[in-house]
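Some structures are shown below for you to check.
In the two complexes that follow, chain A is the common piece, with chain B as its partner first and chain C second.
Let's turn to the complex of A and B:
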């Protein structure tokens, strides 16, 4: 192949437009800034919004981590990482959260708390939380401008009436700096509190829907809830009220994926964040504890049964 | 071979954009520009990073030379309609920039104010708001007080407003519309 692309694949005009939109997104926390999402050499819906942000922002000498559902080895992460490595000569990649300057992620925020000098880009399939209650974008833009989320609250209330709790498992509507409500991308509820007063800048990019928005550092991010029905994260307790642990590293404080062991048919649990799991595993070896039963990641004898949407 | 000033090159623009992004994300923190233009005003570094033919620029205080306009490829507009406005911070504002609309607040101006010095000076500001953990202090030399008074009016009905980038020839800092500014 002899065709040469500029650093970052996108041409400089495309990058400048993404950059200008990103500055406005940071200046107006939670507002979805429209931009002319470019055609990328992969299908829309495969993280092209996050990818365009990364390609427009990343510079030589920076270290990048790409995650898909907590894992650096999932297909989306592998594809995006190798595309970025191919088109951004002079960058480094890592799987370790604390070594990364720049993180692009699909559907998880790392368990390791991010620092001020780090930046995370989240891939967004559906940017507008109001789309479930208002089909017209013109009208949604006015509702957002007026911070009128009454219909969304009614939707949550209907959930409580029907099911005794709010049933949104991921993409939990979250209010940024007391005004705009965002769709924080399909992160689990577990990750929503990490948006609040984050030390790192959080950027969200939707390629198909052509929107960029941001949660600046040290900014209030409140999940929508009611006084008598507060927001809560996933509960990993077993039937005896005991917190389940990761079968691989033994961690009892991380977000767990549920698997079924194909031999025994039993449910097993394992950290969703593979870098976190590795770090816990090596920490337990250093302390002389026995890590979980499986040393390989992902273990080969089990099938994942829970597949998140988006 | 055309010998181009580094500020027009993609590598420098990427570095400068990240400084601008960090400035906008952490209001009041000063960042040093790494590459200054070989000739022409320092504000060119910021303009070269952000502008192209798709946006409108106003230069009411004539800080740019005609050559600079050619290089920027940007179209000129009256100050009330421009997306980007560059001004001498020591001269009081006599216009109202674009503040955006309720459904589209991003269609508002970014003001780039050239001041004498950032980090010291007679104007002492205490900043709070998104991007600031507790409070941030900012000293500015050579900024007419009327800018901050007018800004109060421009940003009083969020999400409408303007975003400020301040620059002293060496350093940049930013005051997005969400920052609360208290003059000490």
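Let's turn to the complex of A and C:
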């Protein structure tokens, strides 16, 4: 018995359902569209939601980039890419953000700004930001419908009271188009501003939880915050307040991975986005420059969420 | 220079595949590869479990899944389930009547004497769980002799074939005739069953969605939640009215004549439990009558037993009983609001699928550098703020 699989692994009915759900998700920014979500030949939690989006939307002749933790070469990215190559004959793959029509990613949005003709699919473990305050999906649906996010805001407030700081590190709740608050997938806070007025379509797929949602191009995306406690991205300053740089390319404006050098025992920092790092390396060699740094958020084009009666 | 060790994983991934496959053959020259028929017969109950959790009745591929997963039930069910995603759904059978089952085992804990009689069949229920050392070194001759002996002895001791009916009536029928059970909801037959492979669960879900979800649930997960209901987080001691195992004919309309025709059979396990009746008047609920009460001619509710139903592919008795107990609990929860986790449809139905839960558990082994970096940033910041505060005091 030979197992020859259809293009994109899934049967045509399954792909059609994903495409329809995607259209609905784009039409209602931030709304979690339920879909049946087929079992994929890799583990639930390994990006089966993102994978179903990719397999249903990717066409022959298109160029795909797959990243995990910012890297094209990490185990899961390699695994997903080779599966997609195996089941989608006639597609191309790349590691360069610029060259990709289609990007599937786990936990990062590339540092390079995306274009209108590009599309990024994010893999989502927990689609609902309200799950931290309400375990029942039935009740959460009502809260979303009424745009009632008061309990989330109370959680943020309690954080400030207890820790003097909002403690949400990643999966930062973000309001889309002034209504639905989404879980933007476990991207670091660093990547949240990239959702706002993004030129590229951002699709989010949760396989195990069976939801698809979207941040359409040029849509407002505001991380929840308070007037007097602004949203802040990760801080990469050293003890002296100096911005740390990537030990490989010297970049001081990217999200950094921190690890211990096995030879020297010292803590070192390196760009999390490997393609960005490669490009910076060659660029700074060619031009002799070090990219500039800003990590204080917010940029001016995002309004803060203000709580009534603060 | 270069990236951290875990990056650059292409070759390492290939390596994991080859070493995993090597371990299968490590026994060396004396080893014989497992053939799929052997798995189906000699690891019958493992096979049953995988075919049930995989959710596709394909005995040969279920055996293959067990072989390639090296006996891991979760993994094997997963392989089978993923295969399913590539197959279109072509037809639906009409509702099949389990009274037509070709029975291999059938018991009732409610009555000593049931119409058709108790039929113990193959079970370990009454075995002393002592090591059978004779199986340690079993010769092929001895092995073959077992089947031969069983057939010859059987004709001497057993009741003649002519006495055994083709099918057995359902135990519940007699209770129903006495008015001890809620009457059958006649409209249910006309409602399309909820297809969990084509629709996500959006709560509240109909009972058919709950039953379908539990039918392919992971046995251990079902058992754990059902056990919580049995021993205190729930207050009902259910009685097994009937447990039956056997082969159910699958009927489809003939493509030309349209007449229902048997296209094959599937082995299933089915269980029906009854539990103590509910108090009068507690059964009215918006949107129709719920089980637990039956209306007499004047429209008054009469107390009746409550019912739970479980069924799954293969021979999996613990699973079928657990499912029946949870079905009863979930119906109670939908009616009166959940009083414990086992009566909460969201709690039960979203946590019993083995493919979902094992996948998510496994994913924790994947790199989480970015999110962990982000976690450290928050912790360091809050620690620093705390330090600053202490210094100022």
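Following the convention adopted for this analysis, the second predicted complex is superposed on the first by the 285 of 310 C-alpha atoms of A that agree within 3 Å, B and C clash if a C-alpha of one lies under 4 Å from a C-alpha of the other, contacts with A are read in each partner's own complex, and residues count from 1 in each chain.
The rule is simple: a contact is a pair of C-beta atoms (placed from the backbone, for glycine too) under 8 Å apart; a residue touches a chain by one contact, two chains touch by 3 or more.
Predicted, not measured: the structure shown is a model, and the values here were computed from it.
Chemist: Spot which of chain B and chain C makes contact with more residues of chain A, would you?
Modeler: Tallying touched residues of chain A, the top partner is C.
Chemist: Using the superposition on chain A described above, determine whether A:235 touches chain B (first), chain C (second), both, or neither.
Modeler: A:235 sits against chain C, while chain B stays out of touch.
Chemist: A:195 in the overlay: touching chain B, chain C, both, or neither? Say first, second, both or neither.
Modeler: Neither partner.
Chemist: Is A:182 touching the first partner chain B, the second partner chain C, both, or neither of them?
Modeler: A:182 contacts neither chain B nor chain C.
Chemist: When the two structures are overlaid on chain A, which partner does A:60 contact: first (chain B), second (chain C), both, or neither?
Modeler: first
Chemist: Which partner does A:246 reach: the first (chain B), the second (chain C), both, or neither?
Modeler: A:246: touches no partner chain.
Chemist: State whether A:138 touches chain B only (first), chain C only (second), both chains, or neither.
Modeler: both
Chemist: Going by the contact rule set out at the top, does A:120 touch chain B (first), chain C (second), both, or neither?
Modeler: Neither partner.
Chemist: Which partner does A:12 reach: the first (chain B), the second (chain C), both, or neither?
Modeler: In the superposition, A:12 contacts both chain B and chain C.
Chemist: After the superposition on A, what does A:27 contact: first (chain B), second (chain C), both or neither?
Modeler: In the superposition, A:27 contacts chain B only.
Chemist: In the superposed view, which residues of chain A touch chain B and also chain C?
Modeler: The overlap between the chain B and chain C interfaces on chain A comprises residues 6, 12-13, 17, 34, 138, 141.
Chemist: Taking the complex as given, what residues does chain A use to touch chain C?
Modeler: Residues 1, 3, 5-6, 9-14, 17, 34-41, 43-46, 48, 68-71, 73-76, 78-79, 82, 107-108, 125, 135-138, 141, 163-165, 167-171, 186-190, 208, 210-211, 234-235, 248, 255-259, 270, 272, 274.
Chemist: Quick one: in the complex, what on chain C touches chain A?
Modeler: These residues of chain C touch chain A: 1, 3-4, 6-10, 12-13, 60-61, 78-79, 81-89, 196-204, 346, 350, 355-356, 358-364, 366-371, 373-378, 381-382, 385-386, 389.
Chemist: Which part of chain B faces chain A closely enough to touch in the complex?
Modeler: Counting only chain B, the residues touching chain A are 10-11, 13-15, 17-18, 20-22, 24-26, 49-52, 54-55, 101-106, 108, 110, 130-133, 158-159, 163, 176-178.
Chemist: Considering only the defined contacts, which chain A positions touch chain B in the complex?
Modeler: Counting only chain A, the residues touching chain B are 6-8, 12-13, 15-17, 19-29, 31, 33-34, 57-60, 138, 141-142, 144-146, 177, 179-180, 197, 201, 214, 216-220.
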